[in-house]
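There are two complexes below, and they share subunit A, which is joined by subunit B in the first and by subunit C in the second.
== the complex of A and B ==
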């Protein structure tokens, strides 16, 4: 049976972008406001799962060009390397620092190395969540 | 700052992550796994030298001083265990060359083992109770995946039990940590020790201590909480059982030793006596189980349970001989249990059965395998040239000094039964008339025996060259008995 799901698909195309942008906002806001890598990653994954529900898993796999397990591994690698990066500056493992930079468009911005660690967490959460959902979803 | 302390933890973590990228390149994965094991051994030996000359070392993650940040503490006890854990990693990885099917190797066996080792080493090195919980979870998650890897029916059934038991004990762990935090307001072990010494361990804290005994006892498989172990350890393939028998219960024992020597040591007549009673019953149950079965996996699994009892008896006597013996026996037990499980794997490859009655006479065609099993059996029972003797002797001495004559009697009796249980395998399965499957049905044991011979040689060296390892073990025991040096190293600034 073919159902007509034009409304669902059109709405999803719009909503997915809003969710992803909001998830990136939450991810970046984590240092001073509620948010961070974990919740940001979950929201991004939720956006992809919505796409998967409205279209199908194959479409979502086409959007994400690399293997999800590799995304998890890259996230882990980033998180570990930001910890090891402290060795270069003769500091302890996982030491973090921050500074103020003059960025184009944004002006004076506080940038912390904790953000790099959070990118790792963000990628791991996306990778793990989508791997779980897609592995279950593919089983017939 | 001395970054050496974090390296044994970082090497397996980083190797595990890199192995995830390698997917199906098995040879590269094997090589990297072995290199990682060797690198951990080298860095830990350097660290051990450092600790032996300069005292206990502490490392503060992110540069935050305790009690606010997480501290890693390296004392001789922890580092010795790290070294032996990575030796087991190297030996089992060598075994996988021939002893594990391609199916399992292709599905992330090597990264999982590296993550398991990360959890084990982290649990040994951490100086913070909640961080200990996190590392417990790291090693448990990896062990869940390893136990079910391959997906046979028994593995699926046993993994459900195993996961269920460990989820419950982890929840209890968090509850116990919450109770302790609400009483003391800190989670750093050194700080906890200082604060509990101030309030002199009131009844409430002793109750929390016993809750911790239940939590760690579930991981270490002591008497009423061992029920999950026989099934869970005999389900997966021999390499994975060897890793489990060598590492997992030992982490629980380590946690009991750590917590009851550094934090809860003010009421030994309650806590340590309870440990002694439970250890004695554990030894009895282990020995009964070991002689009751005709299945080599079951016999070895109950030997693991009995071994837990032997080691904890040292903590119960709580004097320098007992603790010394406990630490020495713990190290011996790690390598010898791994060696026995690997040998059992090789025996099953030859006989195609785990039942004692159904095959015999391995010695005629496979003398190397037969003699190594005899050596492992003698070492397990504690016959002089091997490492088991020295540890048991000290345990008995410690028991006599603490006037725990009944416990010592049980220890001697169950040692005898343990010897009987493994010698039964030797006499009935390895000696005797040759009754084996046709040669073309037997697997190839070339390369399967060498990893165990490597471990047995180590056990032999530990027994013969006890005076080489003596100062390190003595240092470990003295740190356990005098927590001041530990506390001072962490809270010095």
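== the complex of A and C ==
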């Protein structure tokens, strides 16, 4: 009984990108400004939920080719590995460090190992949120 | 581990082999293999006789749990040796008897002998251990083995009933005893009986003296079937007869006697010990002998007779302990007669009761019944059984020249001496002892007559029996004949025992009465001249005979006809009352309703924390607070309205929207309290969870109209108000009683310098306290997988 909601679909196509870009910004800015892996992940998930509402879950699954549960697992693995990685440098579990590097294009940039951990959080949050929503959504 | 240690546990080791012997040596009755062990042990223990009769002791220690002072110490003195010889000697005879009693074709012999050996080992351990904890361990093993043996024919309902009863009662006493042992340890700091006796003044001066004494006596009384714990013994008669003969007459029921005798040096001399022992003993003696008269079953008569004789021994031990009050001297020697009588009667009882049980077993085995109303006229058919029974019964009744006569005379001497005691209020109550003892003896005589004459005299009626009645095979008769001979030998030459067994045993029970190298000089005479004891015995015989002759007059009274002990009703009532009571209690509060459980939890929270609040006077109001702004007030009002809407909502949608409103107001609060990360997260989470709510609840049916009574709702209201008020008070009070500065200054200072981040919240989450975050994302992952599997697995099930 779905009607032809062109406006919604068109708007979604535009807005989704904005949301995703904003969420990635929030995620990357987390170390110095409000934001971080958790909020970034939630926002990215929200973008996909919007896609799912405007189109359907199949479309979203086409866009995300990997199983959502695997994304969650990868996120957890990254988070744990960043902790274990500290052992290589003879430091305690989950010790973080940071440094300033001269990168092409970006110039002098701060790179922190905490960001790697945050990537793990980001992926887990996306995976978890979408798994829950889509599992329940599919169970009609 | 010395040879003695190995000897003590050798029955357990042999028990391991029994099933194999049973399986691979089928043609030979398993009992023959078992018989070797107690015989060897008996001979081995006899070799200690010269040592103990010279007043020597044997002591070896093997560490078990040395850090707790628990060592497997074997200690042999006169008292232990007496019991060791009883256990192994009667053990051998019982095993021999059981070989003929239990058929190798129809019975599960491997079970029987494993239990019997387990019991024998446990019993040896009880009497040989010097360490209280080791003693307790073996003590419980005897309870366990006894229950297993009682329920040997486990398909019979009565057997399992009796086993359960004996288990419950003796284990109850065992636990109490463990408590008493622990108190002794508290007082003296050692588990060794030797060392406790050497520091006995620590015990007698302690305030724990009475509790320890009562707890230990509970153990001894339950095991030795003293009033009112005697009710398990008649029901234990469902066991095979060799078991009854061994456990419930000669050995296990004497474990309590042993314990009392063993601890007499610790507790003896106190008025409470004297009164409890002799009082309960006397009561048990009377109760047992009077109840025995009412029994119609041979083994039941013997069971109550055992109870009454154990009461007699217990009473004598109590009377004998009075001598400890006086200490070493000539004055006390008069009262040691009681102890002498106790030890002597202990031996005598083991011999004649063992033989009587065995003859009762023979009668049961050969006639198929033990009911004295059916039996009769067996004298000529079973002449040997008849002779042995005559000897045993006469000894039990206290007739000369058998050993029972001697110990009964001494018993009368003991109680008569007690009347002359000048301590413990005995001037007032002392006369009760000889009177009650005499009455009990009359009844003892009476049931002996009944048991003997109803079985063997009268007319033989073949129609009463299902089987052809004949004399038992010689193998079955050997054991009772040996015991019967012992009855006569001990009766004619009592001084055989005096120097070898009784004197060392008395020295062990009353060690403080002996100065230096003294030993008790015991000499037992048959003829004391015309003294009160003799006249009492004559009176017993005359009155007993009169009562027996008049039996037709009182045999139809209801008291005589009722066989069950009235105390059984208390036991049964307690047991079923506990079961139904427990059931009722559980079904009263375990309603299965989560609402009720939540009410319990919240009520406990409110009452407990509220009580502590009031008790510690923890209220703290009026501390420093920040000024309240207009926006905060406005958001708070919105939040409260939304919350009330949720509580009063009639449809789900309203409730969900109300909840959303609460969530967004909270996010606004975060904005005003300058928590941008929280505000962002709260906003997105609220949105996502509202979506989830809508998704889920869309499929649910409408609210059901619940007809709850007003009272229940009022209760809910009270509980929720209580929780609300409590938490508010808690928050305010804890806000106003901060004891230390917060850690925030460190985070403010270190977040950029050490972690390179300007967003403090994020730095704490991923760096300073990343460990928490790691597990929070794990929680999220588990939740997702949980939801996924719940939904998918349910579908898979439906498809099947």
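What we mean here is this: the second predicted complex is superposed on the first by the 139 of 140 C-alpha atoms of A that agree within 3 Å, B and C clash if a C-alpha of one lies under 4 Å from a C-alpha of the other, contacts with A are read in each partner's own complex, and residues count from 1 in each chain.
The rule is short, and it goes like this: contacts are C-beta pairs under 8 Å (C-beta built on N, C-alpha and C of every residue); 3 or more make two chains touch, one makes a residue touch a chain.
Just so it is clear, the structure is predicted and the values come from calculations on it, not from any experiment.
After overlaying the two complexes on the shared chain, residue contacts for A:52 are found with neither subunit B nor subunit C.
By the touch criterion defined above, A:70 lies against subunit B but remains apart from subunit C after alignment on the C-alpha atoms of chain A.
By the touch criterion stated above, A:96 is placed in contact with subunit B and with subunit C alike.
In the superposed three-chain model, the partner touching more residues of subunit A is C, compared with the other of subunit B and subunit C. Contact with subunit C, but none with subunit B, is seen for A:118 once the two complexes are overlaid on the shared chain.
For the contact definition in use here, the residues of subunit A common to its subunit B contact set and its subunit C contact set are 69, 72-73, 76, 80, 83, 93-94, 96.
Residues 676-677, 680-681, 684-685, 687-688, 691-692, 695-696, 755-759, 761-763, 765-767, 770-771, 773-774, 777-778, 780-781, 783-785, 787-788, 791-792, 795 of subunit C are the ones touching subunit A in the complex. On the subunit A side of its complex with subunit B, the touching residues are 69-70, 72-73, 76-77, 80, 83-84, 87, 90-96.
Within the complex formed with subunit A, the subunit B residues making contact are 1, 3, 6, 10, 13-14, 17-18, 20-21, 59-63. On the subunit A side of its complex with subunit C, the touching residues are 26, 30-39, 42-43, 45-46, 49, 69, 72-73, 75-76, 79-80, 83, 93-94, 96, 98, 110, 112, 114, 117-118, 120-121, 124-125, 127-129, 131-133, 135-137, 139.
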